[in-house]
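Got a structure here, written out as structure tokens. Questions coming.
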Amino acid sequence: MNKNWLITPLVVNLIRIIKKSVNIELGLNRKVRRAYGIDEIALVPGNRTLDYDLTDPSWRIGNLKREVPIIASAMDSVVDVKTAVELSKLGSLGVLNMEGIQTRYEYPEEILSQISSVGKNEFVPLMQKIYSKPVKEDLILKRINEIKEMGGIAALSGTPQAAIKFKETLVHSKIDLFFLQGTVVSTEHLGMEGKESLNIRNLCQSLKVPLIAGNCVTYEVAQLLLRAGVSGLMVGIGPGAACTSRGVLGIGIPQATAIADCSAARDDYLQETGNYIPVIGDGGIVTGGDICKCLACGADAVMIGSPIAKSSTAPGNGYHWGMATPSPILPRGTRIEVGSTGSLERILKGPALLDDGTHNLLGAIRTSMSTLGVKNIKEMQNVEIVIAPSLLTEGKVYQKAQQLGMGK
Amino acid sequence: MNKNWLITPLVVNLIRIIKKSVNIELGLNRKVRRAYGIDEIALVPGNRTLDYDLTDPSWRIGNLKREVPIIASAMDSVVDVKTAVELSKLGSLGVLNMEGIQTRYEYPEEILSQISSVGKNEFVPLMQKIYSKPVKEDLILKRINEIKEMGGIAALSGTPQAAIKFKETLVHSKIDLFFLQGTVVSTEHLGMEGKESLNIRNLCQSLKVPLIAGNCVTYEVAQLLLRAGVSGLMVGIGPGAACTSRGVLGIGIPQATAIADCSAARDDYLQETGNYIPVIGDGGIVTGGDICKCLACGADAVMIGSPIAKSSTAPGNGYHWGMATPSPILPRGTRIEVGSTGSLERILKGPALLDDGTHNLLGAIRTSMSTLGVKNIKEMQNVEIVIAPSLLTEGKVYQKAQQLGMGK
Amino acid sequence: MNKNWLITPLVVNLIRIIKKSVNIELGLNRKVRRAYGIDEIALVPGNRTLDYDLTDPSWRIGNLKREVPIIASAMDSVVDVKTAVELSKLGSLGVLNMEGIQTRYEYPEEILSQISSVGKNEFVPLMQKIYSKPVKEDLILKRINEIKEMGGIAALSGTPQAAIKFKETLVHSKIDLFFLQGTVVSTEHLGMEGKESLNIRNLCQSLKVPLIAGNCVTYEVAQLLLRAGVSGLMVGIGPGAACTSRGVLGIGIPQATAIADCSAARDDYLQETGNYIPVIGDGGIVTGGDICKCLACGADAVMIGSPIAKSSTAPGNGYHWGMATPSPILPRGTRIEVGSTGSLERILKGPALLDDGTHNLLGAIRTSMSTLGVKNIKEMQNVEIVIAPSLLTEGKVYQKAQQLGMGK
Amino acid sequence: MNKNWLITPLVVNLIRIIKKSVNIELGLNRKVRRAYGIDEIALVPGNRTLDYDLTDPSWRIGNLKREVPIIASAMDSVVDVKTAVELSKLGSLGVLNMEGIQTRYEYPEEILSQISSVGKNEFVPLMQKIYSKPVKEDLILKRINEIKEMGGIAALSGTPQAAIKFKETLVHSKIDLFFLQGTVVSTEHLGMEGKESLNIRNLCQSLKVPLIAGNCVTYEVAQLLLRAGVSGLMVGIGPGAACTSRGVLGIGIPQATAIADCSAARDDYLQETGNYIPVIGDGGIVTGGDICKCLACGADAVMIGSPIAKSSTAPGNGYHWGMATPSPILPRGTRIEVGSTGSLERILKGPALLDDGTHNLLGAIRTSMSTLGVKNIKEMQNVEIVIAPSLLTEGKVYQKAQQLGMGK
């Protein structure tokens, strides 16, 4: 390895930052940048089309090859042992929340049914109570074993705090992948004196299984995480449907720009080191079109919550909630009734019964690839994108109103 | 013909691509372009006005002259034999779907009445069942003959797959125009080994009738189709009301930019070859104002679905649905209740009974031309355009709420 | 007068057109300009404030001085003889529609009450029937005389067609001001052979009373009208609440840019000739804030319809409709129930009982002037403007929903 | 102190104004600037995160240090004696309206209960009647004394008119802070001849307690106020929820740009004089995220009304109204039912029971600081901002409609 690797990236970094279009004047002496969301972009077909059967949307994470570039979120309404196994078998991946109901309660079903039956006003206090019960080490191991025994991939997710606390448990478990996820993850965390801070580089080395980390949104943090040795980057802060980070904290980066920036970090890292690390878009992704746009911005796969929560076997029983909801001091995220619209297989692989882009997500990705004339995810990352806001206009409101039988 | 024609267009092409304003930073290393929709533009009157009677909105396609620059879409809810004939006689044109209900069923009326009476939840499965019945060669010929016998123009539309399959049938039929239409049509299609791919140049030559092809949205593909010998270009991907390409596939180009780009290809082709090939805007066009804007962006005519589906004789019986709806694996497009608001003649030529821009579309085009001071479509393609988004503002919502008796 | 006046303005004109920011790429080979609406701007206070009593919002049209920079539109729901007189006495001005119900019917009250009592579906046909009755010369004279006898200013409005037809009637009447108004007025109209076209310059000379003309939206047409000798410019095409020009015809220029452009023409004309001709913003103006913004863009006064239609004595009896509504072939504009919220005096001069900006419009103008630190309309035309779209955001919808008792 | 201080700032001022991006063409000869609102921005996490406990959101005003960078607005629905005291004790600050119900009525409770029980239509007249009763000097002193006796900070707010009238009363009172607030405050006010105008510099000197002045929105006025000796700048005109300045007067500057511009003035003033004067964002601030964004734009603290009006002890009894509402000639602002969602402590310091960003505002600020990796307000003022409009798109409307059980 080139000993000068520390210098090169710094220079690259500097050049990139200079290249950023920080050219909008918010006020005197304050220049800012415009960031774009996936609602503001659209994909442009090229000169070639392709047979559906020639498209290959598979991707790799660590040593695993997956046929479906979709990961189910580590949320209690989305993934439990059974769905994790089913997702593995469908060529996808499900991540189990290491600090959720599954690892706090021996019998999570009754807890989940309480959540889906409680009234709106009792919801937040109930969540705060449920999540005040401690996470149990033996339940973590139990869930991992259950998944492995049923033939699934054991992927778990934990916050930096949980990673510190349960590191030894994980090291001695049969876990396949570990997702180190916080609202925002950084390589440098300033803690109180005497309090242990997480060293991601050390964690990557000691865990022995691929560590996927995030979420991050900038080139700089993506670079730092890559240098720390992660095997995957989670990208996305604030854009999710069941998350209110932007409203409560003011923090949130439009997803198209976040993915493009972090993908640029991945590409530079590849050029320096020869290692290709996948970028996973996470947050605010609802339809097949959303997934296709994330891939076109540079993602290798996406992590989704609410679309999977709509499956008939999802642990949320037709409800979906964010993981900041049970915070004892500052609950964020709301419970949404998403309903149950079909089996997990139907949602991922069709055939679709709904025409709104929420069934047969893999079919949507492949149809999009076929229409755009791209063979694989790598080519998909290079299709032409236009800024094309589908903003709500007066005319459209009028049309909608007419469709709903309102209006004149 | 200049033997160097292959070089010239490539150079032209290159210059144009360089000229494109691909100047917005989506993210680091990713520059994109802004595209505009017809909701974002408005037309500016010039120094001259004109008597209504001096306006001439006629146009030519192949050897046909049409008084009305409007084509009814090849959708089962819009065009059947009777409406195709009526449209021809009104100076317009209706295209029959070669792979729809009319060519799958001897007696399509009962099928159409099933579609309009089924409940919302049974709709997609019913459509998938109805369209699983095969297209019959003899019904294709029967419909063509019916139209011709009743004095109409026999214009049919088929996908590339259908064009391959029924080429011989069409060659020996009395067809007048053939519309080769797919969500996205390209001159280069990569198929599975051993599977026949469509050669548009060959098809143009063997069909003996004008072939109109699309849809396309870029200068490059428009150029390639023109060189392949098409007699008309369909322009528009993703902006339609009964189409959810953008939501499901992420694909969709705002119509104003798509028409302007493809019109630039038509103008260059005219300069090189002396042949003028019309550009037809297709998708998302609802009112007379939408039509006028498409013409001003460079179109010679438009193809519309939902406005025609509202006529009292439309086969959809007051309903309208997209042609990707019956897809067995990935249904897109929804059924919309559009109602029946008047006769086909009233919708096209007035007099209008409604004041919302959906009656007397030809009158709207001519009134707009008169107000803008332009004599014909060619002049209409050069009127001044401004970017003028009629976005929904707080104030407008407040006004609307007051009109509806809501609000304080 | 400088004999070179024809050269100078042409040069000025050229320079201005070159200066226009036609710098947005709509598509290849098609550059367009961004235009702004009054919903997209806001006014910025300067370094000074002013006592309310020091503000002087008066303005001049022809030889008349008016205390209130507001004209009531020549619409049948807004101005009849009584309101014209009342408006004159309040320091404002009301324009009577020369081709409306007042000049077609001896007793217009019963016709107006039919309009306000008919059902939604019968509205357009009723309007078409009512307006098919011919305009009577003697009723034109009668209405002028009635206004004069009651001490009002006799201001009438007519289309170019009506101006040709009733020119002699007007020349021999006691009219004070004539408004030559069409959707779009130009100095050059191309008519059918043998059909008389209006020569605005001749009309200005023969009428002997000030002629105010419009509507126009561009620097060029404003210049041409000024050179033809008009005494006022009506500015605005397409932005009105009871007008659907943009939806039906695709035509419509955002008002802030239209006023700024036409005001530039007025300023240049003043510099050349020494004559100051007022610019009157017309269309889409609802609140006091809207009026203030039009003045800041360069207008001397505004013409408003719906705010006046809300007065208890308005002829529309709580309803308001556009004047293109009764078109026999292409009705545009809709009937809106605006209600009756107070007396004409309260609407113009307060005291306000409503807090939504529709009462005490003069008070709003003067409070705005006082806050902005400007003494008169001339200074108001130079206050700082910012682009500040009050677009509807997700957060605001959420807030509104909460206020209406919806949402959580 | 440098005697040349008058020259330097003028030069600085000039340079700044030249630097302003006044580069958008509203119309010919009219260049304007784009201003941004807090709905259009979002905050970007940096390379570092921080323990919640390491964050310090305290700030200083005059000689007071406050733990909570939040001030409750001088509105009758928000602050009375009791809440002022409670806010002081919570580390926050409440400002009492010197010209409100508390200083007009000995027993304000019954008046407040009238306001909250009156019907919608009687609201404005009732308000006009209530506020027509004169402000009493002895009640001003009584309220100040009550606050002081109960251990609170006595902060009062008055308009320039009231400041002139009650200056002597204030000078001899136990007041701690005085807020000189008008819709727009300027250092130069042009009054009627013979009428006393306020000299802010003199007032600052004679009052002997810190004077906080505003509201202002521009660099220039902020500079002038700072030079006049104010101890705090209130920033914000027109963006508030219970204020309709923009609709009624056309005046209103988007808050992000206003804060950034005035903060630039503060920074320049600090460099010249060594005095650090806090900037307080005021208007349109509803959630914790809004507060965080104001701080990031350069504010030291914010003033909020409606979030505090929702506390169970607020004088508005679940209602909130603007202070321009009782204007006898031009009432602005409306009464909104905000409800009572929790105690003042819960709203400011949690624990939150609601997940929409309106409970535990301090917790939100500190969580945001921790996530963004900033230790104090000064660092918070320098976090990266992106333009990221969360505009309402078609897709989002569709999602919301589905959540509400509408749509398909």
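The chains carry the letters A, B, C and D, assigned in the order they are written, with residues numbered from 1 in each.
Everything that follows uses one rule, which is that a contact is a pair of C-beta atoms (placed from the backbone, for glycine too) under 8 Å apart; a residue touches a chain by one contact, two chains touch by 3 or more.
Predicted, not measured: the structure shown is a model, and the values here were computed from it.
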item	value
Far-end chain from chain D, centres as C-alpha averages	B
Same-residue or different-residue interface between chain B and chain C, half as cut-off	different
Inter-centroid spacing, chain D versus chain B (mean Cα positions, whole Å)	54
Where chain A and chain D are represented by their mean Cα positions, the distance between them in whole Å	38
Contacts with 2+ other chains: residues of chain C	33-34, 247, 257, 287, 334, 356, 390-392, 395-396, 408
Partner chain B, residues of chain C touching it in the complex	24-30, 32-35, 37, 39, 124-125, 128, 182-192, 195, 216-218, 220-221, 224, 237-238, 241, 244, 246-254, 257, 286-287, 325, 327-334, 336-337, 356, 389-392, 396, 400, 404
Residues on chain B engaged by chain C in the complex (per definition of touch)	16, 19-21, 33-34, 36, 41-51, 53-54, 219, 256-261, 263-264, 267, 287-293, 296-298, 350-357, 360, 363-364, 367-368, 371-373, 384-388, 390-399, 403, 406-408
